[in-house]
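In what comes next, chain A is part of two complexes: it sits with chain B in the first one and with chain C in the second one.
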Partner chain A sequence: MDDLKGKVAIVGIGEVPSGRFPEREPIVSAVASARQAIIDAGIKKEEIDAVIPTAALWSPQYNTELVCCRIVEELGLCGKARMNFQVFSGGSSCCNMLKTAAGLILLGLARSVLCVHSDRLGTGVTGQGGIDLFSTAGISKEWEAPYGLHYSAIAGLITQRYVYETGTTEEQLASVCVSNRKWAELNPNAMFRKPLTIEEVMASKMLSTPLRAKESNVLADGGAAFLVTSAERARKLTDRPVYLLGEGSRVTHFALSQEPDMTRFAWAEAAEEAYRKAGLSPEDIDVAEIYDSYPVFQLIGLEELGFCKRGEAGAFVYAGNTWPGGKLPMTTNGGMLSQGHTGAGGGVALMVEAARQLMGKAGERQVSGARFAVVTATGGTYMDSYVTILGTEIP
Partner chain B sequence: MNTPEKPVPPVNSWTAPYWEAARKGKLIIQKCRDCQKYIFYPRMSCPFCFSDRIEWVQSSGRGTVYTYTIVRNNAPSAFLADMPYVVAVVRLEEGVQMMTNVVGCAPEEVHCDMPVEVIFEKLTEEITLPKFKPVKK
Partner chain C sequence: MNKILEGKYAVTMDMYPLQGKEFNRIYPFYEFLKEGRLTTTACRDCGKKAFPPRVVCPECLSENLEWVDLPTRGKVLVVTEEEVGVPLGFETPLIHALIDLGGELTLFSRVVNVKQGELKEGDEVKLTVFPVDPVSVEGKKGAVNLQERVFFAFEKA
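The block that comes next holds the complex of A and B.
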């Protein structure tokens, strides 16, 4: 398991803007993202022998099209692609897609693997419909749904205990949203690009205490793709392959109530594994693409991945360390809080952003000289902790 | 607008004793006869040692609030009329954790590590939900 290091690389990325696009069919987002990734990689599409679409939540019919090889057909790979199948674990799908792609390539079962996502959660479900969808998705029908649990309440529960144990202030939590927005202002694919202040976050409607409306992600339409191939092939395609250097993960629970420590989850264990495999430590990381969806997760991520001491992440973000130009650029696409939450795509967008930064293609928000990036992702009710380390060099 | 029905938990063979006890105002949890650990929510076999020698025992019904949230806006449709309501994770004296509601006090009075005890609220003829209220000093 440890010999994944430097064996495969991301060589192409694609993405369409996130937001509300009623005229844009999700298959268009999928194919446009996939096409961009292939062109970006500079390979012949016929080199792709495996297509891994992750799942879309918006419509079972659309999801079945993804299962039934529509992307293969749209890309003209019929008779050439050797496999098309879904990999899906909610928000952590991106990490499982990359691991699966790496496994196929290392075993010689595929040469190049296209990982793709698209969904229509922005215009496909209405406001209350979205809340209702996320009062059942991943929530135990027997032991949790009868008590009125839903995703804002989940974030409220986790934030409350985190604040209780660490003394993190409301302003510090709000500053995470501001940090993400500062990056989104520089991201043409982000849903929300207008400057945001701590005061505006604090003045927004209370959802589930202590979580406010502007501390909650907004559902969006979107699509993104990344192309994975062997390190050997990657070096022929580009002088900046984005190598998979290390990964670590743990599944912690199904029902949130079964999580013994909601202020930590298993990020420390997953990170230790990933750093060890990569031969790197937190000081080596240039960009931290920390999965958000709600601000508390970025604070927990900063602490458990070793960037801050326990209880100090709030002050670290508040001081501007994670902003553009800061010591540790964090969630540089704006995250789900600003780029928009496209379902499983929230994580895919972070994986694509990490690769984009390392490839030096992040435009106005490029972190200069970025060599190593960490990506975190989690699915469902924060049911798993995934840490992936990418780099343009093999340390 | 009609308020949708509250979600009703499905009952199956290994959870039926739990719901039957709740209907009678008792909170029972599982205990493994082999490794002696307490188990909640009810399982088909012990999640610790994989034994299927599981028994039901009465819980003290007392515990503390591990964490909570007051739902003030944007609740699921079936719960809109209940706002504000308190969702909480309670850690029972036996060490197991359960999702629940804290009732019987103003939402603002709830806090982490607050001592609570079980009460029962009827949902349907078949289902009664264990909930928690503050322990009176």
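The block that comes next holds the complex of A and C.
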């Protein structure tokens, strides 16, 4: 279980801008991202033995094309690629794609593995269609959908409980959105780049108490890809391979009401496992790519991963510690709150961003000297807690 | 049939499960619900009471399960009032709560017959059962049968 440390590395990344691009077919997003990742890695595409597309939610037809090897054909890997299959666990897919790629490489079943995501949630569904999709996707048909429960209501309930238990203020919650936006202002691939203030967040309309519109992610079209290979091969390709150092995860529930503690989930256990495998502690982390979707999850993440004490994350973010120039850069692409929610791609974008920061390719938002990054991800109605630690050195 | 669903994607966006014996493994749940009882499955072998109702005991994997009653009164733990962006066929405000059922389990439910701002943590609530849109099911020789359905929510006790 502990043998993954430093054995595989991300060597190439690709991403297209998130937003509303009706003219951009999702296959274009997938292929453009994959192409960038291959070029970025500097490998011959024939070294890719496995292509792992994660699922697209907007269309079963498109998703079936991904399952049926369309990316392999588009990239000219027919007759060369050994496998193409889907790895999908909603928002946490990125972590499972990386783990699966690592497993294939370590077992000698693949030399390099291409992980790809693309979706069209921005222009592929109508406004009401998006609401309806997220009133059913990952929500129990028998036990929760009949209440008219939607992700805003779920995040509302969780935020309400978190505020009740920790005394976090509305301003502190709003400051998480501001922190994300400050990063997005520096991210050309982000959907929302206009400066945002705490007052604007608090003046936005109420979605589901106490959650406001600007505290909700926005659905977007997008695509991203990362290329994984063995550590040995990676060292020949680059002097900054992004090694997989440690990972930890727990699946906690299907129906959210069965989660024993919906203000903690299993982040602490998952993080303990990941830190232990990596041989690192929270103090060693230079960049924290914490899965957002709603601000409360970043606060929970900061606390459960050991960056803040319980109940202190709100003040920590409010004070600017997670902003550009702060002591713990967090969710440096702007997250789903600002870069946009592309489905499973919200997590893939964070994995790609962590690799980008460690590779030193983050442009204006580069965290100088970043060596170690943590990525968190979760799928469905926060059904699982995944923590992945990446680094340019093997501690 | 709910007017808003007509001509739209009524089948995919039907928010309620089919409840008849022919379509649903846990049809007794809905039959009991019609009697005002909230039930779930318990394992005859190890005694584990699970919720939602299961077909296999999640503790010992036994299939030897029985239906048992749950409390129909509980206490509100958390409330959220959904003001915009509710799924098709629902009206705002939609009030949701996490409810503690006598310490036996917590579940989400909608809370009805309450105005916005009236429901608070600690309030006592009780089960309420109401009919929902029946669904047409094709029978033999082209006959179309309407399946009656119910669902539950909670209201202030």
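The definition used in the following text is that the second predicted complex is superposed on the first by the 395 of 395 C-alpha atoms of A that agree within 3 Å, B and C clash if a C-alpha of one lies under 4 Å from a C-alpha of the other, contacts with A are read in each partner's own complex, and residues count from 1 in each chain.
In this section, a contact is a pair of C-beta atoms (placed from the backbone, for glycine too) under 8 Å apart; a residue touches a chain by one contact, two chains touch by 3 or more.
All of these numbers come straight from a predicted model, not from anything done at the bench.
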* Asked: Overlaying the two complexes on chain A, which is it for chain B and chain C: clash or fit?
  -> clash
* **Which superposed partner A:Y164 touches (first chain B, second chain C, both, neither)** => both
* **Partner chain in contact with A:S208 - chain B first, chain C second, else both or neither** => both
* Asked: Which holds for A:V287: it touches chain B only (first), chain C only (second), both, or neither?
  -> neither
* Where on chain A do the contacts with chain B and the contacts with chain C coincide? -> 128, 131-132, 135-136, 140-150, 152-153, 156-157, 160-161, 164, 205-211, 213, 255-258, 262
* State the interface residues of chain B toward chain A in the complex, per the touch definition above. => 6-10, 15, 41, 66-79, 82, 85, 87-89, 97-101, 112-113, 123, 127, 129
* To do: State the interface residues of chain A toward chain B in the complex, per the touch definition above.
  => 128, 131-132, 135-136, 140-150, 152-153, 156-161, 164, 205-211, 213, 255-258, 260, 262
* Asked: For chain A, which residues count as touching chain C in their complex?
  -> 128, 131-132, 135-136, 140-150, 152-153, 156-157, 160-161, 164, 205-211, 213, 255-258, 262
* Interfacial residue positions of chain C with respect to chain A in the complex -> 9, 13, 15-17, 26, 51-52, 77-90, 94, 96-98, 106-110, 121, 132, 151, 153
